[in-house]
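Data first, discussion second: the structure below is written as structure tokens.
Chain naming follows the written order as A, B, C and D, and within any one chain the residues start at number 1.
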Amino acid sequence: MSLDTVKNAEQTPDAAQPWAELGLKQDEYARIREILGRRPTGAELAMYSVMWSEHCSYKSSKVHLKQFGEKKPETDAMLVGIGENAGVVDVGQGYAVTFKVESHNHPSYIEPYQGAATGIGGIVRDILAMGARPVAVMDPLRFGAADHPDTRRVLPGIVAGIGGYGNCLGLPNIGGEVVFDSCYQGNPLVNALCVGVMKHEDIHLAQASGAGNKVILYGARTGGDGIGGVSVLASETFDDTKPAKRPAVQVGDPFQEKLLIECTLEIFREKLVKGIQDLGGAGLSCATSELASAGSGGMRIDLDTVHLRDHTLSPEEILMSESQERMCAIVEPDKVARFLEICEKWDVIANVIGEVTEGERLEIFWHGELVVDVPPRTVAHEGPTYQRPYARPSWQDALQADAPTGERLARPTTGEGLRADLLKLASHPNQASKSWITDQYDRYVLGNTVLSVGEDSGMIRIDEETNLGVSVATDGNGRYTKLDPYTGAQLALAEAYRNVAAGGAKPLAVSDCLNFGSPEDPDVMWQFAEATRGLADACLTLGTPVTGGNVSLYNQTGEVAIHPTPVVAVLGVIDDVTRRTPVAFAEEGQLLYLLGDTEDELGGSAWSQAVHEHLGGLPPRVDLERERLLGEILIAGSRDGMIDAAHDLSDGGLGQALVESCLKGGHGARIVVPEGMDPFVFLFSESAGRAVVAVPRSEELRFNDMCTARGLPATRIGVVDGDALDVQGQFTVPLAELKDAHTGVIEALLA
Amino acid sequence: MARVVVDVMLKPEILDPQGQAVQRALPRLGFTGIADVRQGKRFELELEGPVDDAALARIREAAETFLANTVIEDFTVRVEEEGK
Amino acid sequence: MTTRVGVVTFPGSLDDRDARRAVRLAGAEPVDLWHRDKDLHQVDAVVLPGGFSYGDYLRCGAISRFSPVMETVIEQARQGMPVLGICNGFQVLCESHLLPGALTRNDSLHFVCRDQKLRIENNGTAWTRDYAPGQEIVVPLKNGEGRFVADARVLDELEAEGRVVARYLDVNPNGSYRDIAGITNAAGNVVGLMPHPEHAVEPLTGPTTEGLGFFTSVLKQLVNA
Amino acid sequence: MARVVVDVMLKPEILDPQGQAVQRALPRLGFTGIADVRQGKRFELELEGPVDDAALARIREAAETFLANTVIEDFTVRVEEEGK
């Protein structure tokens, strides 16, 4: 069959088109015809269909995400906000930091290794596209039940993929999360975060301006990756002389990406770029339409100049291809030669594929024929928007009413019982040591990692002279969010905020990845609406703006959605990384203080899961002012040398925090249950706004004065001592026994 | 004992970064005239029993479900000829 | 005159920055060397850093070994110039046949990153003079293909000639034959080491500062030479 | 275009942890009767010119110096039969 050109489309207005197979709704197809004043060509149809998909257009989530802008707190820190590849934050001394968390959930279920690997690759290119050198990655992960056979397939592949790609790029992995819950059985979550650093003047944006400027595509050759969907189109429009199968999975080449990073940074250093965009989902369709849409004029592309790996690709397939490790730059004509020279130096293939034009159209040619002629904004930024119906689920009340009271769930009443539950928690896959996973990640490369595995936040030094640094923590508790999405999202933020402060850094900004089920289910949509509202409100109160993020919907198997899982990343800054606070109890004799208030709050707790496999009630209460105060104390304590160790309390409560800090430091602790406090609640409640800190004896007075003056409850609960965790009057566990329980758990499950 | 060989190669449409790296290096080492290189895996299985149809069927199943990742790879199973 | 230590960047080198920092902290001047450039720019010694040169495709170090810079490094190494290969650099040295044996896939089949205890078995090389005989140190180790293998004859020869430079203690992290973490050539100027001393040079970022000795050793060697 | 295949296997005396891991896993997956597994590499080279003795000699040299590390690996070079 012949090529579907614009001319052809004009002449054959009634030709049938596979818009439904491409995922478009009838009214969406009608709107495309209206925009163009004719039927779209095959290539245009492909572009609109993918750019108007949920993944690229945020059509279900946009109306809710708006709040992040509307409720944005006053801050001078934000240099670039939502809408670009990633937000950029001022961290002082002329430095800017960009960070973003994204999902690669579905691909990682189909092909765990490559899915996870290309997830890292994609987020790193987003950060690079802002003008920054990527300096660290993190990986918040969720898997199905730890003992499910499919977890044994999915987990090792995902971990190897993240390590395989990140290690080969030379990016230290400074943190992440691993959570098991059967709700993720058919939908593991692979979220990936990258942090990048640059000077203010190096910030780059994704826009094409200046008629006559050249469009350069560089990086890997374009192949048939990830165009499974568009092959309907190819098979309808074209004869069948080409390979029947188009791979739906993309394969990453981290070596190519490493070259792309070094090459791009050298190009930035020589100021050769006017605008730049990475190629991710929707490939060239996305990059060209977004660049043109954000720019001043139009753009003209000649697809014949694209370097191909597979010469049988049709124009629509070239436009849709999601081949990895590619970037698109806008370059002034007199800088093109030098640009290409640097690419040659790094063995990176580069090609001028078009130019910025005076007009207002994105025009794409194939074999000299016009196959795309569209207003770029209509593709990239003016996609459909839905007000999806939502309603509080009918089961929500019953779930919340099923609170884990003493009558509902048996609580241990003896020292022996408490001890058994402490060990049960420490050895539950969700609380156990994740070293089998984290040992597969390079945490040392680049030589600036100050805090990483096993710490509350990942921290890196960004200036070796001044010791300026940044830290990032990611958190998200699907169980809390299921019980109450508004509060659950706020708790995710509160926890990440607290983790950053516990390391000694001041929280500045937020990125988020919202992992939910199908937006077509009003229950799920309600969870989404509540969670975004909660997050936006909390960001306003805490003064930490959302700088960017990602939404992943349709995480469900049949009718059953995953727990709503907003993953929140908080970025903080620390003036002097040598003052950071680790979690380890490292000095015998230091005094242990519990900061904050402890209530009987066990809804959604790790205890209720590990001991009773129960989920019900309400999650812990959120008090954001308290979180802010706690943060201030933790930061001041670190800066002024009043605290030598700090660990935030979250899942598993104080008991689990003590286990981790003792094991990490190789020292035990003697703990006294405060007068009038129930030992069970003391050890296992998950009340928010709390941390345990180790205070040198010489600083006790000063530290107490500070807490009293600021009104933060601080209770002395014990001392770092010996080689056992000893809760006086209740039980003692030798460190060796704790270590035995806490380690080797994941290994044993996978063996 | 009989030997069965399972060759596993990336599907033709899937990117093969290793093969590409080798292909790019060859001319630099003075080996020209090689238009394409693909790199795959070779498994040599030593069978305890006879290599009959049943045994081969089982190995094909092992290749399909385990040795190859059929999302991205193809495989072939063959009996190694004598004397090799 | 300060000592100049070259650090080679291959495509895919990762720990080149760290190696240069270690050289600087040891008191020498780090000099960038580029894989395509045969010229060593009058350096007194060379470090081949860690990383995934050429993506570790084919075999680790197999493609880099044929780079222009390696032609000169091999020639100069044979004439006595100190060369330290760390991790991927060690792999390049084996592929270049400057050192015997080979580095293969870890027996665990996983990449492993850990703080590793080592014993310095030979403090007579250009890169280990600052260590006491038998000194035990802890430095990071991170590799996917770090299992040192060689045939029995070569292993016996290495042992007999005292050419095992460092051995793993407590845990053999990758299945290396005879717990070998590093070896030297007969002359003692070329050393290959799987663990990463350049990541143990600052208390803030490393588990210890016990890796610095490799970089200070070569300075003494050169000053005394 | 003609295809030449280079198979590279670890020498028998070198431990092959990948092959061993496969061998250990097979019975667990229900595949019994496999006494030994070794895993190696397979390179498929597409030649531009004819596969004559000279071409094969060059490929043998490339295998010897580059595709295989003869310290630990053996290799074989063969022309792929038609129709495969």
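Throughout what follows, a contact is a pair of C-beta atoms (placed from the backbone, for glycine too) under 8 Å apart; a residue touches a chain by one contact, two chains touch by 3 or more.
What you see is a predicted model, and the numbers here were worked out from it, not measured in a lab.
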Using the contact definition stated above, find the chains touching both chain A and chain C.
B
How many angstrom between the C-alpha centroids of chain D and chain C?
30
Computed distance of Cα centres, chain B from chain A, in Å:
37
Rounded to the nearest Å, the gap between Cα centres of chain B and chain D is 8
Approximately how many whole Å separate the CA-defined centres of chain A and chain D?
41
Any chance you could list the residues of chain C touching two or more other chains?
54-55, 57-58, 66
I need the residues of chain A touching at least two other chains; which ones are they?
253, 255-256, 347
Spell out, as numbers or ranges, the residues of chain D touching 2 or more other chains.
66-67
Examine which chains touch each other and state the graph shape they make (line, ring, star, complete, other).
other
Over in the complex, which chain B residues touch chain A? Could you list them?
10-15, 17, 20-21, 24, 69, 71-72
Which of the residues in chain D end up touching chain B in this complex?
1, 7-9, 19, 22, 25-26, 29, 31, 33-49, 55, 58-59, 61-62, 65-67
Contacting residues of chain C [partner chain B, same complex]:
54-55, 57-58, 63, 66
Taking the touch rule as given, give the residues of chain A at its contact with chain C in the complex, in rising order.
160, 163-164, 167-170, 253-256, 258-259, 346-347, 438-450, 461, 464, 577-578
Of chain C, residues touching chain D in the complex:
58-59, 62, 66, 94-95, 100-102, 104-109, 147, 149-151, 175
